[in-house]
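Heads up, the thing below is written out as structure tokens.
Residue numbering begins at 1 within each chain, and the chains themselves are lettered A, B, C, D and E in the order written.
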Amino acid sequence: MDWITIISTTIKAAINVETVLYGLAAIGINIHFGYTGLLNFGQAAFMGVAGYGLAVTVTVLGLPFWVGIAVGLAGAVILALLMGIPTLQLRADYLAIVTIAVAEIIRLVFRSVTFKEVFGGSDGRRGFSDGFYALNPFPENEYGFNLGPVPIFFNHRVLWVMFVGWLLIALCCFIVYLLMKSPWGRVLKAIREDEDAVRSLGKNVFSYKMQSLILGGVIGSLGGFIYGLAYGSVQPDVFGTETTFYLYTMVILGGAARVLGPVVGAALFWVLLVLIYGVLTEAVSAGYITFMDVTQVGAFRYIFVGLGLILLLVFRPQGIFGDKREIAIDAR
Amino acid sequence: MNGAKISVTTESGQPVKEVTSNAQGTWDVQVDKPGKYKVTLDVGSLPQNSEVRGGTNVRTPTVYEGNCSTVLFALQPKAAPGQAQPEEGGGSSFWTRAAQLTFEGLNLGLIIALAALGLSLIYGTTGLTNFAHGELVTLGALLAYAFNVGTGLHLIPAAVIAVIVAGGLGYLQDRLFWGQLRKRGTGTIAMMIISIGVAIFLRYVFLIMFGGENESYAQYTAQPGIEVGPISAAPKNFVAMGIELSVLIIVGIALLRTRTGKAARAVADNPALAASSGINVDRVIRIIWTMGGAIAALAGIMLGLSQNLKYTMGQDILLLIFAGVTLGGLGTAFGALVGSLVVGLFIQVSTLWVPPELKSVGALAVLIIVLLVRPQGILGRRERVG
Amino acid sequence: GGGSNTATQTSPSAAPSSAAPAAKGDGTLTLGTLLPQTGSLAFLGPPEFAGVDLALKEINEAGGVLGKPVAKIDTDSGDTTTNIASQSVDKLLAQKADAIIGAASSSVSESVIDKITGAGVIHFSPANTSDKFTTISDKGLYFRTSPPDKLQGRVLGDLIVADGNDTVGILAMQDSYGTGLADQVQKTVTDGGAEVVERVDYDPKAADFSAEVAKIKAKSPKGIVLIGFDETAKVVNELVKQGLPASKHKWYMVDGNTSNTNYLKMPKGTLDGVKGTIPGAAAPEDFQKKLIAVDADLKDFSYAPESYDAANLIALAAEAAKSDAGVDVAAKLIEVSKGGEKCKSFKECVDLLKAGKDIDYEGVSGPVEFNDAGDPAVATIGIYQYGGDNKYATKALEYRTGNIAG
Amino acid sequence: MHAESTITERKAAALAAFKDLARDPGVPKPDPILVVDNVVRRFGGLTAVEVDHVEVQRGSITALIGPNGAGKTTFFNQLTGFDTADSGSWTFNGRAMNGVPAHRVARSGMVRTFQLTKALSRLTVLENMRLGAQQQKGETFWRALIPGSWRGQENEITERAEELLARFKLDTKRDDFAGSLSGGQRKLLEMARALMVQPELVMLDEPMAGVNPALTQSLLGHVKDLRDQGMTVLFVEHDMDMVRDISDWVIVMAQGAVIAEGPPSTIMSDERVIDAYLGAHHDAPLSEGELEAQLHEAEAALDAEIEGETQK
Amino acid sequence: MNAGPESQQAVTDRSEHLEGAEGAVLRCDELIAGYLPGVNILNGSDLYVKEGELIGIIGPNGAGKSTLLKAMFGLVNIRSGTVLLKGENITNMKAHSLVSRGVGYVPQTNNVFPSLTIEENLEMGAFQVPGKFKERFEFVAELFPALKERRKQRAGSLSGGERQMVAMARALMTEPSVLLLDEPSAGLSPKLQDLVFIQAQQINKAGVTVIMVEQNARRCLQICHRGYVLDQGRNAYTGTGRQLANDPKVIELYLGTLAKA
């Protein structure tokens, strides 16, 4: 078995762009769900709006990269307002279904033939990342180091995305840390517990929920940008409900309402995905496992990922960083 | 059409050839260079009582190397001057289409309702938002497939066995898994994520066992439709709808009227108090899981019968199921029915106006609007404050 | 390449550090596959894997490439809903694949093309149909053998017109394959003087297709074109249900949906007289038998020929380049695909190459002659017709070969 | 704690204000802080609240009593914006308050507690308390990002919170999650949190139900202190000892309407009130003898009933 | 808690318990229980109740009174110690099995099924004896006429006091032989409070063993045969109702002087 590759790909997965972009989006979910108790199941839409905002601005309108970022951010804020104004009055479970619906509508519109001219149909858009890579300070090369016998290298493009991405993550985590320590964060957490009580204490619940929705949405949209920039393209199906489910999984894995929870959750999720896959493929091709063939490994990987998720949460329902006491209170 | 005169010229107008159509109305021109050509039909050579549809008698096909290119002049009887062109036969009017779509909406809505009922039962009694419910739907369909195609049983007994087996699996699921988690005091949020894990797990087990393709049952595939008034539908649709409706109503009434049904609602409200009232909470939940599993399986079989089977079939309608449950009002059986019917109807009927690729958009938009007007769902009730 | 050779890989010198992205060949041609084992296109995975496997089997039986057996690493491309394709590519690159065959979905390919070509590795898709790839910046490393939509669309459109359908309805799966083909059919049909009275693009994941069919029914066209993959069986169900059977309307299918085992379960005669177009100069039957020998469970054969040809072409180009490095191989791919002595199998071709001749590989999926963009330039389309047993005759009604461009 | 026997200035003032008032429902007060007119709330066929006119005197402690289901909580809900009245209007400090959302009501100085407590479960007790404070700088987004800008205020708030917690015997629980409190502790927290708001009018919905009597007693002193600090208190309570002890004025509701008003001493001897609400044994805890008598009475009634049944 | 050894009437050590507990219907011995891992709420409390007795438990907020009832009733996990019902070990037995052994329980909070109607709530009360529903329903409707009028109203929309009535009524639907009441009078109007205390006594007279937790402590001690004062999860004082009610220490710490005045 090729342990070197397995270890190398696994370590890389822990810090790669996927971790970065899901991590960012998960930080957003953590603000929504973990701190404010908003069951926003439309996070993927924030990513999508940002990614497409950037892509369409640059490719269709021919405007520069920075304008695209601005449009994407504005799109996220507007989406938050549009989603929030009518739905933030709803009970949590209803909010969930409405946000799923909004996200699905957005995805379906992105991929529709009717709007193909703008959004590019099911293949999406590409060719908008040059502006970003033009800023790349790293000369063309492979960067990294050997961890013992394990090579960990990224090329200059990936490195640039990762650099920016991790910087953003650090920034977001710091902001979340500051906010959640502050009275502002206290109001959010209180809203999560009981809105009416918070209202009775003179806080404008709606406004706080909206602030939370916008903040989490904007941070989620950063994930969307990273997606678009890392892959050089956006496709509608990336921004489906499935993605949001995975984001929730990451948040809970890491521990809800913990500053670093979502990031660690994202890393863990990808590590799980890559490690299981690496071990399985290698074991199968080396003949250690005979009940599946190589082309079934993809499916078996998910079976084990599912199992892994189940086991993690069965034995650590509060997630990696979570507080067991909170979970005990949580029981109905 | 015999004897129509056709002339072919190049794009720039140089004549290539003139031909006359043969008895079958076909003709043939050999050209030696690829490019655009202009084909003109001599209207004068047509019979008196016919004309070219669309009016123009010129076609400009492009011929590519090594290919042939066909042009067609559709003829139609000449309408008497001043008289409107007769409606084309065979097409259906707006209202027949609306009727057909309403029927389809009910058809789909009932299947969703059945699936939604299972979800709602389990959510209602245990508070578990079960993202693996789509997989339970798939499970039923695939079980029936296994008995049907795998063992050669006719679909009807195969379906009955599948529903029973799925019920049993539902029971075991709670007995061996969810029940144990409850006992450990696992919170509902953690359970929800666990259910995502279960969904992934099951889905890919299905992929391995069943493969990634669409499959159909051995019987009732492509059953020809019959015309009933303005709609045309296959007999299997009517039978299926009948079964779905009766199951929904029976379960709905059972929940409202029977002791176990009431106990289930009591457990949903407050399990500790239910236990204090002498209700065996675990037993009630197991009954609900058994029923939920069986009903989900039935929904899957009906979906497979009306459509086809695929390992993601349940996942693909999960959103609609959730929409149905929520729209009706969480935790009420009749709410699930009403909500799902609304979802089904809107999906289908909205295609009268929106492109079908966006048909879910219509239904989801309605969902949003309804919830804005009635935040507690159609049949839900507002809770009191204070 | 050389996934098994871990020692060299980990030495610092092997860690890619030069500005030139091309890693030096290590003598073993390593093919990576990036094909759907999971996700919404999972049903396309088995035939594609089988195609590659079959080619590899034949290549290695014929002595391999550059005197060594060709190595292969399979990975999962998933679909666009998860980004696992990117992780798979990481793995392939880490294991020094020289060429990657995949992905099935244009969207997935788009998301990884930069990564693959940036590493100096060939990106060779057997199934991408999006026209974006023609113009994409790919360092000359992107190729595809995917079915030539434009030609197929033209042939099909022409066939429809020739059959005298003056009104046509199109039901097309809404993705780059479906809409691309549908666009071409629509254009040809309209140019030919018939009218496309209704065109419905549908979401293949939709819960059901009754509304789509109802929309077609409203116009009751003479000819109905079904463009899609295996969900077409559901559409057929619906057409029959809503009273638009093949006996009353003329149905046309495409390569993505002509071979589907579900048709056999339908009542006899359901598909009687339906016509379909499949790229490739030979009847698929023989080839399918060979595939089944590789994978006995195979039910669908979509893109198997294209995958098979892709693997063969890469092997031949490597042999011609006398190198297994991606960049070197890519430089020879166009050459071996056209202009020279025609040959049909790897063995035949490689013998010619060894004899110092210029070759022109004629594939199972068509003549495969690459243009400069790495797209196939010429193709052959066969027209097949179904009988009362819901199977299409193994002998095509006719073959049409032509330039794709235009 | 304040010496209870000494009548403070405020108490005196309040008593003076009520001295010459008529005992009619809806009687006008000299200096009302809250004036309510024609508030009606129906649930289906049931009219839960139908208050014609009522006023609450500023700087007083007013008790609102009435049988279960009389509509007291619903009335509170209307006034504080947690439910929308079918009709009616009311003013607080002269400002019309109907249709004003709950949080604005609270901000304008009218704060209520909930009968069925609303502990913010996964916040600590101390955080629950801090949340009550008004006009916190750190509650605006941008300032929250600069800890320096709110630290000082936060410390003050914490100090105030800790004082209150000590009074409410919750200081040992300060770092526990509020969700882990016992039923009575939640009541205490609910009230303490409302006091953190420092409102002008505090509306307490059964604050002492389930609170240990010894503690209740000490808290009553605190409530009187509140009045002395100029706060107005309107509270719902079924504990007549408490009502008698601290209230300056009592309003009685039954079946949605105000049926009587008056000082505690007179109201408790009002026939209607006794009938509707207090029952026969309202004015003093039952003595042993009375208890026996009562029991015999009840038994006799039961026996008679059983006889009646059997004879049927 | 510094349990005052100087208090003469009220007993604070286990000897009385061990003596008295012989032949008790229900007895708990050195219960240790809690909600969160590592935090014990009950720290070894003892309790016994004899056939036909009415027992009162009082104590400050958060003392663990409710926890004690819940522990006996199988709703809180007992970490050590035993609970015996008529000699049978019922430690950590499931609540519904206790109901079939004749134990009834009214919780302090969350004591109704909000989405069920009043009638259905009561029906759930009679879950194990559905045949008796009609007869018992008439009985409780007599006690709380408000409930009868509203029988179709969902309990979730009831006022606090109305809920309390439903909760009490629900427990009276079965005819338990041991009844655990957690603050049954809280939130009720004085008139109904009287009724509850009278009812408790009557039920007890009819042979039912009653354990009652109350913050209406003085009233409770007046009617009960014996009382326990619980503080910090331990028995601080025990004695007859009258003993406790007149013990100056108990008055100062737990009863207050308000009601006496």
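Just so it is clear, a residue touches a chain if its C-beta (ideal position, glycine included) is under 8 Å from a C-beta of that chain, and two chains touch if they have at least 3 such contacts.
All figures in this text were calculated on a predicted structure; none of them were measured in a lab.
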{"item": "Far-end chain from chain D, centres as C-alpha averages", "value": "C"}
{"item": "Pair joined by more contacting C-beta pairs (B-E or A-B)", "value": "A-B"}
{"item": "Chain whose Cα centroid lies nearest the overall Cα centroid", "value": "A"}
{"item": "Centroid distance [mean C-alpha coordinates] between chain E and chain C, Å", "value": "75"}
{"item": "Chain B and chain D: spacing of chain centres that average the CA atoms, whole Å", "value": "56"}
{"item": "Distance from the mean Cα position of chain C to that of chain B, given in whole angstrom", "value": "29"}
{"item": "Chain A-chain E separation of Cα centroids, rounded to whole Å", "value": "51"}
{"item": "Two or more partner chains touched - positions in chain B", "value": "204, 207, 355, 357, 360, 385-386"}
{"item": "Two or more partner chains touched - positions in chain D", "value": "73, 82, 114-116, 180"}
{"item": "Shared interface positions of chain A, touching two or more other chains", "value": "108, 112-113, 196, 296, 299, 301-302, 325, 328, 330"}
{"item": "For the chain B and chain C complex, residues of the former touching the latter", "value": "34, 53-54, 59-62, 64-74, 88-94, 97, 100-101, 104, 107-108, 112, 204, 207, 211-218, 221-225, 227, 232-234, 237, 303, 306-308, 311-312, 316-317, 320, 347-348, 351, 355-357, 359-360"}
{"item": "Residue ranges of chain C in contact with chain A within the complex", "value": "3-4, 6, 9-10, 12, 15-17, 19, 35-38, 42, 45-46, 49, 73-76, 78-84, 86-88, 90-91, 94-95, 106-107, 110-115, 118-119, 130, 132, 136, 174-176, 179, 201, 203"}
{"item": "Residues of chain B touching chain D in the complex", "value": "385-386"}
{"item": "Partner chain E, residues of chain B touching it in the complex", "value": "259, 262-263, 265-266, 268-270, 272-281, 331, 381, 383-384"}
{"item": "In the complex, chain E residues that touch chain D", "value": "35-36, 58-67, 108-109, 146, 157-162, 164-165, 183, 186-195, 198, 201-202, 205, 215-219, 222-223, 252-261"}
